[in-house]
Amino acid sequence: MIIVMKTGAHESQIQDVIRRIEALGYQAHIIQGTQRTVVGAVGDERGKDRLQSLEVMPGVETVVPILHPFKLASREVKGGKSIVKVGDLEIGGPAVVVMAGPCSVESEAQILQTAQAVKAAGAKVLRGGAFKPRTSPYAFQGLAEEGLKYLDIARAATGLKIVTEVVNPMDVELVATYADILQVGARNVQNFALLKRVGEVGKPVLLKRGMATTIKEFLMAAEYILSEGNYDVILCERGIRTFETSTRFTLDLSAIPVLGKLTHLPLFVDPSHGTGQWDYVAPMAKAAIACGADGLIIEVHPNPAEAQSDGLQSLKPQKFQQLMDELRPLALAVGRRL
Amino acid sequence: MIIVMKTGAHESQIQDVIRRIEALGYQAHIIQGTQRTVVGAVGDERGKDRLQSLEVMPGVETVVPILHPFKLASREVKGGKSIVKVGDLEIGGPAVVVMAGPCSVESEAQILQTAQAVKAAGAKVLRGGAFKPRTSPYAFQGLAEEGLKYLDIARAATGLKIVTEVVNPMDVELVATYADILQVGARNVQNFALLKRVGEVGKPVLLKRGMATTIKEFLMAAEYILSEGNYDVILCERGIRTFETSTRFTLDLSAIPVLGKLTHLPLFVDPSHGTGQWDYVAPMAKAAIACGADGLIIEVHPNPAEAQSDGLQSLKPQKFQQLMDELRPLALAVGRRL
Amino acid sequence: MIIVMKTGAHESQIQDVIRRIEALGYQAHIIQGTQRTVVGAVGDERGKDRLQSLEVMPGVETVVPILHPFKLASREVKGGKSIVKVGDLEIGGPAVVVMAGPCSVESEAQILQTAQAVKAAGAKVLRGGAFKPRTSPYAFQGLAEEGLKYLDIARAATGLKIVTEVVNPMDVELVATYADILQVGARNVQNFALLKRVGEVGKPVLLKRGMATTIKEFLMAAEYILSEGNYDVILCERGIRTFETSTRFTLDLSAIPVLGKLTHLPLFVDPSHGTGQWDYVAPMAKAAIACGADGLIIEVHPNPAEAQSDGLQSLKPQKFQQLMDELRPLALAVGRRL
Amino acid sequence: MIIVMKTGAHESQIQDVIRRIEALGYQAHIIQGTQRTVVGAVGDERGKDRLQSLEVMPGVETVVPILHPFKLASREVKGGKSIVKVGDLEIGGPAVVVMAGPCSVESEAQILQTAQAVKAAGAKVLRGGAFKPRTSPYAFQGLAEEGLKYLDIARAATGLKIVTEVVNPMDVELVATYADILQVGARNVQNFALLKRVGEVGKPVLLKRGMATTIKEFLMAAEYILSEGNYDVILCERGIRTFETSTRFTLDLSAIPVLGKLTHLPLFVDPSHGTGQWDYVAPMAKAAIACGADGLIIEVHPNPAEAQSDGLQSLKPQKFQQLMDELRPLALAVGRRL
C-alpha cells in the first residue's frame, strides 16, 4: 500500500503513520516529494484490509492499494488459463461452448422440445430455471423441484448437460443433485452465504456478474467460491446497469479482455439478459465470440409470446439454429471452433 | 397497458393483438393515430406481467405499462403514511429517529461503550453487525451469535432498541430472537429467499436500497416482505453506484421525496455508507433531514482507526454528539423534532 | 402522446386536459380504465414538445410519447441504409472502412510516418487532431492550423482521406478547408452551435456519441446536422461513462444493433477511446465488426510512450498491421470485407 | 506519481523506467516490495501528463497520480474560501443567494412579471435563457438578443442581477454586455473553446457541472476559466446521469461537501434541473442549504403549463414564495441567512 500524506502534514503525523504500519507488521519506506510525503508499506499482503484504515489517521490524504485483493482467481498467481470439466465437456478450452434453453422450466413438454431443438443446433448445455428470482412477488416463481425433474428428463433424452440457478443456500444440495452446473444469478453475486454453500458443494458454478458489480468485486465473489476449495468457476458477463435505457442492461463486452488479463477462469457472455431483446442477441453473441469469450448462454423458447418470463429476449429455435450457423465461421475466424 | 403498434403494422397484426389481449381477460381499446395505432388493454391488473409479452408479437413496437407494479407498498392504495412501532418507539411519526453504532460488533466492551455514547447523544436504536457481508472472503466476517449476545447486553444496559443485519435465510429466526429490527443489506435487496423469510418472521425490517436498485425495484423488494403479511418495513437510501468516485457511492437524496410520493413506508437515510467518508456524514445527515427523511442510521466507532470494518466512514462519539446537537434546530426548522 | 390521469382524477380535470389537447391542434381519444383514465392525443407530431407540458396539469400522472423525436435520422422514414461518399470512398457500404492515426498531430515527420504505416496496413482514412479538447488547460492543446497543414501533406503523400476534429464554431470553415471529414468529439455532441455550423458547411461529419448521451439524444444531435441540409453524417460509438473503472469508458457495442434499427446513418466504433488501453483495442475492434459496425477509428502512434496525448491507448504500427490482418477473415465471416 | 511495476518485471525494465523518469526531469525513488517494485517520481509537477505515458512501458502495471491536477481552483493552494462579488452582491459569503426565473425568456411581460415575483420573494438574481441549448433542433431555441434586452428591462425595473447562458464562443461578448453573470451550461462544461472565451471576457461565471462530469473534471473545467485570469467562478451542481429514471437526473448533493474540501470557489445547486419535477424542487433546495450550498438557482414561471421549455420543473411564483419562507429558518439552523 502507498500512503499519501497531506500537504503540510506534520513530521509527528508521518511518524505516527510509520509506527502504525510497523505495528501491523509491515516495513515503512518514505518518499519525500516536493509537495507531499508518500509512505510505502512493504510486506506480506495479509491484513491489507486493516492498512486501508490508515486513511483515518491525522495528516493522511489517501491510501492507494498496490496489489489486487484476489489471489486464487488471479491469472498472475496461477500462470495460465483454466479448463472447467463437466463430465466429458471442456469449458475454457479451444471450443466455444453454447448453453441454451428457456428462462423458466414451464412443463415437461416445453423443456423437452427446447432441449431437442438446441441440441440439434449444436448447444452442449441446457439452461432452464426451476427457482426463479423475480422482481415481483406476484410473478411466476418457478416449478421448484418439479422443474428440476423435468430438466433431468431432458438430460436423459438428449445427453445435454444441465445448468440451473440456485437462489437459496438451503436449496444448494437439492439443486446440486440434479444440476451439472449450478448457476448463481446476477442478483446473488454478493450473496456471500450462497457463494460459500456452492463453494462447499463442489459442483461447477456459473457465476453471473451483478448489474453493478465492478470487475474486482466480481473476482472477489469468485474468490469466495474458490476459497471453499471449489475451483470450477465460470464467470459470466450479463450486462451492467447504466443510464442507457434502449437496452435492458448494457452488455459490457470489454469485461472479457479485461477479465482475461486478470483471471484464469473461463469467461461466458449472456447476450439475452445483457440486451433484453431477442433481435440484439445474435449481433452481441457474435461480438462476444469475436472478443474472446469461451462460451455463451442464450435464452431459447419454442413460443416466446407465451413464455412465463423473459419472452421478449428469447430466440425461437429456428433463429437459434440460424445464429449457431453464423457463429461457426466467426469462431474459426478468431481461431476457435464451435 | 398501452400497446404501440409499428408504423405500417398490418390490420391482421392489430387484430392478433386484440385477440391476445382479450384472451388474457382484458378489453381492447383502439386509438388510430396519424402514424401509428395504439391499443389500450383495460381490465384487472393481475397478470399484467403476461401482457408485457405482447411486445414479441409481429407488428408491435413497444408495450407501455400504466399502473405501478407494487400494491401493498403504494401510498395511493393505503392513503397515508405508516408508522412502524418498535415497542414504544415510533418510526415514521413526527420525531426523527436516529440509529447509530459500529459497522461490526467487535467485542462486548466496544459495543457497550458505543451504546452508552450514542444513547447519551440522543440515538434511539443501536446498530451493529454480527453477520457481515464482506466483499472479500479474507476480511473479518463478524462474530455471529456471540455478537448478537453482546448487542443483547448493550440493550439491557441502555434501553436502546437493536437493529442488526441478517444475510442468510437460515439465520433469520436466530437473529430475530435478539434483534428489535432486522436489517436487510444493500447486497441482499433482491435476495428474494431472504426477503420472504424476514416477511414470515414478523419483526420490523430495515430494508436498504441496493447500489443499482431503481425506486420501483426497491418498492417491489418491500412488496415481497409486505406480501408475507409483515407491514413493518422501513426503507433506507444508502447510496447508489454511479461514475463518480470521490465518494464511495452517490447518496441519492431525491429518493426521499420520490419515495414519499409513492409509498406510505417510513424513509431512512444512511449517510455513512452513502458517502464512505466520515467528514461527509454530517452535511449529508443534515440534508437528509431537510428533504424529509424520517430517520438516519449512522456509523459510530470509539476508535475508527482500529475498526475491523468501515473505519473510514465512522464518526467518533464526540463528533456524533456534535452532529446530534446540530440536527436538533434543523429538524425544528422543517417541522420535525429529534 | 398518451396522457395518463391519476387515480381519482376529477372529470373536470379530464375535460381540462381534453380542451388543452384540442387547443394544441390534436384530437383527444379517451380510454376509461378500471383504475385510471388514459387520454390519447392524435395528430401531426409538430409541437409534441408542447404536449409534454400537460404533465403539469392537475390530475395528470404522466405523459408518454409514442413517436421518436427524430425524423431525418430515422430509418423508418428513409426506408434503408445510407452510404456517405467521401470522394471515391464509400462509408456504410459492404466494405468495412478503417480510419487510423495518432490522437494528436505532433510533427510533420510523425504524421507522415504514421500515415504511411496505416495506409500500408489497409486504412482508408487518416485521423489526427490539430485542435485538441483536453481536460486540463495545462495539457498540449494541439498544433492548430500548422497541424492541419501536416495532415494535408500526409494526404498528398498517401492518398488517404483526412478526418480531424473541430471544437469551435469559429474554426469550422478553416478545418473544412483541410479535412475530408469533420469530426465532432464526444464532449461536443450537444454543442448545438457547433453542430449547426458543421451542418451548414456541408462536409461529411463523424459525430461521436457523448459519454452520457442516450441513443435518442445521439440521434437528436445528428438531427441538428441533418436539419441544416447536410446528410453525410457518420455516427461513432466511443464508450459511455459507467461505474466500471477498469476501462476508461464502457464501450457500448449494443449501440450498434440498436442504432442500426433506428437510423439509416453509417455506424462506427472507436475502440481506442472506448477502452483507453491499447491491449483491449484489438478484441473490441473485432467485436465491433462482428456486431455490425460499418467501420472503426483507431489510434496508432509510432512511439506511444512519447505521445503528447493518449499514448496508453495507441497501437504501434506493427500491432495495427496485425489487427488489420486479423480483421479480414472476421469481416468475411460476417458477410463484409475490409 | 507512483509507478507500479508488474510482478516479475525485469531489472532492466525498472532501469528503463528510472531513466525515463529522470529524462523528464524527476527524481526516481524505488520501493522494493515483497511482490512488486514501486517507483516514485519526485519533482515539480509540470509535465505530469507526460509521466502518465510511462504506463505504456514494458514491465509497468499502472501509474498512480498523487497530486490533484488543478491548482488555481484548489482550496489547499488558496487557503480559504472565495467570495465572488457581483456589484454589491456577495456570493460565497454568509448569506445564501437565490437566483430564480424562467427557463427561457419568452416575452417582455413574462420576464417582467417573473422578475417582480422572485424579487418580492427574496431572490437576488434573475435567471432566464435567451440562447437555449435544446436537445431537439425543432424545439424553441430562445429569443437571442431580443431576450437579452428583455432581461435588461427586468433588471432596470427590479434591481435584480442577471444570469443568462451563453452557448457559442462567438456570442460571449454580446451576452457579457447584458449579463451580470455568464452561465455555462451542463452540456458545455467541457466546451473548452467556450470556457476560454468566458475566461477572457472577465465577467463572473456560473459554471454548471455536466451530467457525466466527475468532480475532478469539473474543477479542471473551472481551471480553464481561472487560468485565463478570471477568478470569479461559481460552481453549480445540477444533477448527474445515473440508472435511476424517476428523476430527470440524480442530484449529487454530496458534491457540495466534496467540492467544499477541494476548492475555494462558491458552490450552488440547481434543484430544478437536478430533479426535473417541480414537486421535488422544495425538498432538494432545503437539502442543498442544509449540506452547505452557498446558493440556489431555481426555475420559476408564472404559467408552467404554457412554458416554452421545462414547464414541468418550474415553480409557480406562489410556490417559490412559500419555499423562500421555508428556507429562512433552515438557513439560520445551519448558521447562514437568506
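The letters A, B, C and D name the chains in turn, as written, and every chain counts its residues from 1.
Please note the rule applied: contacts are C-beta pairs under 8 Å (C-beta built on N, C-alpha and C of every residue); 3 or more make two chains touch, one makes a residue touch a chain.
This structure is a prediction, so every number in the text was calculated from the model and none was measured.
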Most distant chain from subunit D, judged by the mean position of its C-alpha atoms: A
Equivalent interface to B-D, taken from A-C, B-C or A-D so that over half of the residue contact pairs match: A-C
Cα-centroid distance, subunit B relative to subunit C, in whole angstrom: 38
Between subunit C and subunit D, centroid-to-centroid distance (C-alpha), Å: 26
Residues of subunit C touching at least two other chains: 212, 241-243, 245
Residues of subunit C touching subunit A in the complex: 212, 214-216, 240, 242-247, 250-258, 261, 274-275, 279-280, 283-284, 286-292, 326, 329-330, 332-334
Parts of subunit B lying in touch with subunit A, wherever the complex brings them together: 20, 46, 49, 52-57, 69, 133-140, 167-170, 187-188, 190-193, 210-212, 217, 220, 223-224, 227, 241, 278, 304-307, 311-312
Sites on subunit C touched by subunit B in the complex: 2, 4, 7, 29, 31-36, 38, 40, 42-45, 64, 66-67, 76, 241-243, 245
